[in-house]
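Two complexes follow with subunit A in common, the first pairing it with subunit B and the second with subunit C.
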Partner chain A sequence: MDLLIFQAPILMVQASLDGILLGILFALIAYGMALQWGVMNIINIAQGDLVILGGYIAYTMYLVGIHPAWGVIVSPIIMYFVGWALYKLVINKVVDRDLFISILATFGIAIVFQQLMNFVFGADVVVAQSEYGTTMLFDNSVTLPNSKIFAAFISVIYAIGLVIYMKKSRLGRAIRATAQNARAAKILGVDTEKVYAATFGINAALCGVAGALISITLTLHPYVGLPYTVRSFMIVIVAGLGNLPAVAISGMGLGLFEEFADYILGTEFRIGAVFMLLVFILVYRRFKLSKKREYLK
Partner chain B sequence: MNKLVKLFITSISAITLALVSFTSSFAKVDGEYIVLGSAISLTGKYSSNGVHTQNGYNMAVDRINKMGGVKVGGKSYKFEIIYYDDESNPKRAAQLAERLIKQDGVHYMLGPYSSGLTKAIAPVTEKYKIPMVEANGASRSLFTKGYKYLFAVLSPANQYLEVAIDLAVEKNGGKPVRIAQAFEQDAFSQDVRLGILDAAKRTGSEIIIDDKLPKELNDMAATLAKVKATKPDVLVVSGHTKGALTAIRQISEMKVDVPMLAMTHCDAAKLSKQHGKNSEYALCASQWHKNLSYKDKFFGGGKKYDKDFKKEFGYAPPYQSAESSAALLVFKDAFERANSFDRDKVRDALKDTDMQTFYGNIKFGPGGQNVAKPMILFQVRCKGDTCENKVVAPTKWASDKFYHPIPKWSERG
Partner chain C sequence: MGKVKQKDLILYSGLIILGLAAPYLFSAFKVQLTYLCVLIVLAMTWNLQGGEMGYNSFGNILFYGLGMYLTASVQVGMFFPLAEWTESGGEKTFVHTTAQYFQGIGVGLLVAAIVPTIVAGAIGYAILGLRGHYFAICTLGLGIAAGEIAGGIEIIGAGQGFTTPPFPAEIVDPEARGQFFYFLSFLVLVLAFVFVKYIYGSRFRLILNAIRDNEDKAEAMGIQTMKYKIVGWMCSAFFCGLAGGIMGGLIGYIDSTDVAFDGREMGVFMVLMAILGGKGTLWGPIIGATLFHFFKEGLWTFILGWQYVALGVLIVVIVVYFPEGLMGWLREKYPDKFGEVIDEKDRKAQVELK
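The block that comes next holds the complex of A and B.
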């Protein structure tokens, strides 16, 4: 049974496309995480919960009769201010402390967000309908939901937009300068406090986009944020900080790996397989790092 | 003087102590009230079903109290329930069960919501020999531990979809079928899976896909692609509300054609409302449906229960509420037959329960599970854009014919 994929090679096409499309969406979330990790040295445990909150914004629009796809515009705008407020209220109190404190703080935020979403939106699993239909390839043997294609397309657009923004705009340059050397940036007149707030806001906005896309492709529930946090954490670990192409490739790679693990090892091992891969990558990376250190000596 | 103060303090403490033990020894029956305790999920991830459970309990308490209460030793008593919020957390539930028993002196318990929380509480009630009637823990493992004080009014999880396999075989002209199944890796869904394995063995059917979905997973595309490639006769999915919603979303988006689709948690997921026409023809396991012809003198029948519940709480009762109401009918019946408040006598009376309620017949097996009530299957059917659940099995209560096979997606409007 495990070798079904070799008996019906068309399944490889299906698995590859499924993996890549989902991987791109995860890469978008991971990019936000990499950005604020790189700039502020904060690992945001609440990342997945910001995603789910973004999803609920799109779902609320769906409930009042607006097409949930508009959520990819509305949700990031609202989420930018949520992120900005979070920074002002909590994060700026811990941003200069060590990594452990920031992990604790964002873990707390995650719990508060979960409970608030449970309180406001209820504990039921919900979905928003896009009614986008299906793309069929190879005489219907490969079927792709158009909602997933839409999600990947929007993710790519936002990612490209962000890269251009970071390269060309004043704020983008200030963010990059702060990431490289906060003290030097401050001496040269960059308002680092504003940069940090904006970075946190941009990350939350990206989560908002991803959440809106998840509301039409997967399911929403107040307590399902953590898998998104873990997944984006893994993508960032594999890709490294501040390197968008690497994040995109690592997102798609993990998506592909997971799909193929499902066919070859069995569904129960798909997430376990990804974690095993993470362990290997961590070991390998440390190996490389130690080589570098030797060279430095 | 000093001695007098000491004496005073000692006597005060003695009186307080006496009072405490006095109240707690009478807390099980406080004046005209029989006090029951329940830890229930009013917040956290089970809060919606926790509230359904609580509403079911409250409705039955009001009804029984209004209709003469519980008659023990020629005197009429009323029910009262002490609730605590377990926050959907098993550890908290176990603590609260201790608190109900030790501090509040509760001698009879009602179950929490979900198998997981019932599993957390059962060892506590067992330790203190407190009879517990539960209505929302269906996991088979609850009934194989040899618990003596646990009684469940609902059918165990392994029975949920067994009927579906029999139905598939029947539709296949009595010949074995090819089954594809996907179950979440949690206690409940895996118990449902064991039921399917038994049914497959019994009918000689073959299981061609047997996927165990990780809990974190919300994408079943790979499983469904395998289903598409292997063309089974029946697809069985169980993974709580998330599993049901994900399955319907992806089956419709990936245009997976299967002649028969059987699931759990359809009504908890509000499947027909959230997915509309895409959920049509899905076959769903349920503990109860308002159209069943069971009757009792407190609620009349299912339809009357449905009406009264809607009037009181403003929404149609899910089966979680109905079974919770039934739990109190069982307690009342047991108290009256025991004609005593002695815990062991009540426990023995519970063991010998054999009654009919609006929710179904109730008779407990050796493990405490209800063995007298079959599961029912309904099928989602749509007229225009409104979809409804129609009972199709067992044939005794079927209001509609089971539609089989499911038309192909290319033929569906």
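The block that comes next holds the complex of A and C.
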């Protein structure tokens, strides 16, 4: 094989580190998706576009002269209300319906978001400069942008914070109760409508954090939302709903896969590889389950 | 199906005469009419597995794009080296003669119909084992992956696109190109309609409906659901491939993600049109596609730049408020009249099933 990655094994270290750091970020988005999937039983195709919108909030801060890293605090606050408004406008009408309806409705929302972002921020690929510099490892052969380490660090903090919040707080308990049995929760006095709105808001806020981190580590473009949706979907179906360690691990696995696919297949096939992996995972699980005469539910 | 009723006969012959006369009556809108035919074909065949079988696919765009690339590749590849053609991009170094052009597009369309059907059959066993939203997401992934992969393959133009052979210059009549593509698409439309109509009167449709309503029970009744699901998907793929081939020739330029595997436009349109008209009805997708096309062409130019916002809002509104579509709404409102418009036997059979 004359591929660069096999000629220079140090690139494998590079790809692995990049992949793991990136994977933690994906896991954060996937955690939001698992949350709303588990609680509200909807699949949100607009997940990736919420991420990109969160990223553009941080980018706007960067444009007006505030350091984009503050986006990890500002962006989730704004995104919480965006998510809440989205729930009140559309999502509350698709919660109890067929999953296909939620897929198609959120697909429509995704198109609207993409186009509005295209109007406001333009169709250029943008990035917010964090100016954190880079760390050189292994005799300067592996470069690691500090912003990526920062992103992974913040993701972990937010994830842990959310887990504690879900365990300890009143709202967290109400959310978990609703996820277990919405009807029973309602009978016991939980305002499920409020819980749903809050869940969707929290999901959007997580997307906001992830977006702000993406704006300093990767690039932003109005139309790259869908791959993030698919990545988080993939992580969730591999890890299962509400299993945070598994979400983190499969997120890192996806990050590794992507970085290696990037080196081996070439950058132009990177997104294609992500989508093919989705198909392969689904088909693999389908065959595994069909041995037991079951199917993915 | 039995005999065609007198009333139906008048309706069909009227529609066919209208279809044949349309390019002469509205000669300025020939391209739009061709689009309409293709849209109807796509909506009708999507409905076959989306509406009747209950397998909501976002990935029929895969067959559409495949058909498009295949037609153009065959049309070029039959006479000239394909790699040189795509490499030269817009600069034409090779010119098709009239005979070569029509031979090429004929064989190309044949390939474009057969290969996607085979592909659907080949991947059908794996993909159709998924149910509900997993199937939807999986096919969405397939469609987008195909676009991304096609955008990286050099021989079919990669990212810079593939210019399909221009209409032969020896035919000087400026109307000829539009008329050729219109009648081609109309022919496919009639074929598709006859085929779908035939299926609506057959046992096959009842089996598809059984799969939609309760697949486990259908299987327990001894129906080999997987076999029928694959055949249902192959039917869709056949017409999607044909439609794609025609559109490739009409547009004259194939881009991997914006024209061929255009999940953001065509891929959503076919689902939306079928839902707008009413899933699981014969006329629903046809009416839905026609309405949608008029709406799109009428409004697109007035809201230039905002069309995708309008499209997104339209999707949300239709899906959230009219999931049963126009036909479903009519059926609820005028059940008696509805029974007479639609094949009575079908309706009765459906009521009994419910």
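We take it that the second predicted complex is superposed on the first by the 250 of 297 C-alpha atoms of A that agree within 3 Å, B and C clash if a C-alpha of one lies under 4 Å from a C-alpha of the other, contacts with A are read in each partner's own complex, and residues count from 1 in each chain.
Convention: a residue touches a chain if its C-beta (ideal position, glycine included) is under 8 Å from a C-beta of that chain, and two chains touch if they have at least 3 such contacts.
Remember, it's a predicted structure, so these values are computed and weren't measured experimentally.
Chemist: Between subunit B and subunit C, whom does A:115 touch in the aligned arrangement: first, second, both, or neither?
Modeler: Both: A:115 reaches subunit B and subunit C.
Chemist: If you stack the two complexes on chain A, which partner ends up touching A:276: first (subunit B), second (subunit C), both, or neither?
Modeler: Second partner only, subunit C.
Chemist: Contacts for A:268 in the overlay, against subunit B (first) and subunit C (second): which applies, first, second, both or neither?
Modeler: A:268: touches subunit B and subunit C.
Chemist: Once chain A of both complexes is superposed, is A:136 in touch with subunit B (first), subunit C (second), both, or neither?
Modeler: A:136 contacts subunit B only, not subunit C.
Chemist: Where does A:107 make contact in the superposed view: on subunit B (first), on subunit C (second), on both, or on neither?
Modeler: Touch status of A:107: second partner only.
Chemist: Who does A:18 touch here: subunit B (first), subunit C (second), both, or neither?
Modeler: first
Chemist: A:259 in the overlay: touching subunit B, subunit C, both, or neither? Say first, second, both or neither.
Modeler: first
Chemist: Overlap the subunit B and subunit C contact sets on subunit A and report the shared residues.
Modeler: 115, 119, 226, 230, 266, 268, 271-272
Chemist: Quick check on the complex: what are the subunit C residues that touch subunit A?
Modeler: Per the stated touch rule, the residues are 56, 126-127, 129-134, 136-138, 140-142, 144-145, 148-149, 151-152, 158-159, 264, 268, 271, 275, 305-306, 308-309, 311-316, 319-320, 323.
Chemist: Please give the residue numbers of subunit B that touch subunit A in the complex, ascending.
Modeler: Result: residues 43-49, 182, 185, 208-214, 216-219, 221-223, 225-226, 228-230, 240-242, 245-246, 249-250, 253-256, 269-270, 274-276 of subunit B touch subunit A.
Chemist: If we count contacts the way the header does, which residues on subunit A are in touch with subunit B in the complex?
Modeler: 1, 4, 8, 10-11, 14-15, 18, 22, 115, 118-119, 122-127, 129, 134, 136, 140-141, 143-145, 147-148, 218-219, 221-224, 226-227, 230, 259, 262-263, 266-268, 270-272
Chemist: Name, in rising order, each residue of subunit A that touches subunit C in their complex.
Modeler: It comes out as residues 43, 90, 93-94, 97-101, 103-105, 107-116, 119, 226, 230, 233, 237, 266, 268-269, 271-272, 275-276, 278-279, 282-283, 286-287, 290, 295-297.
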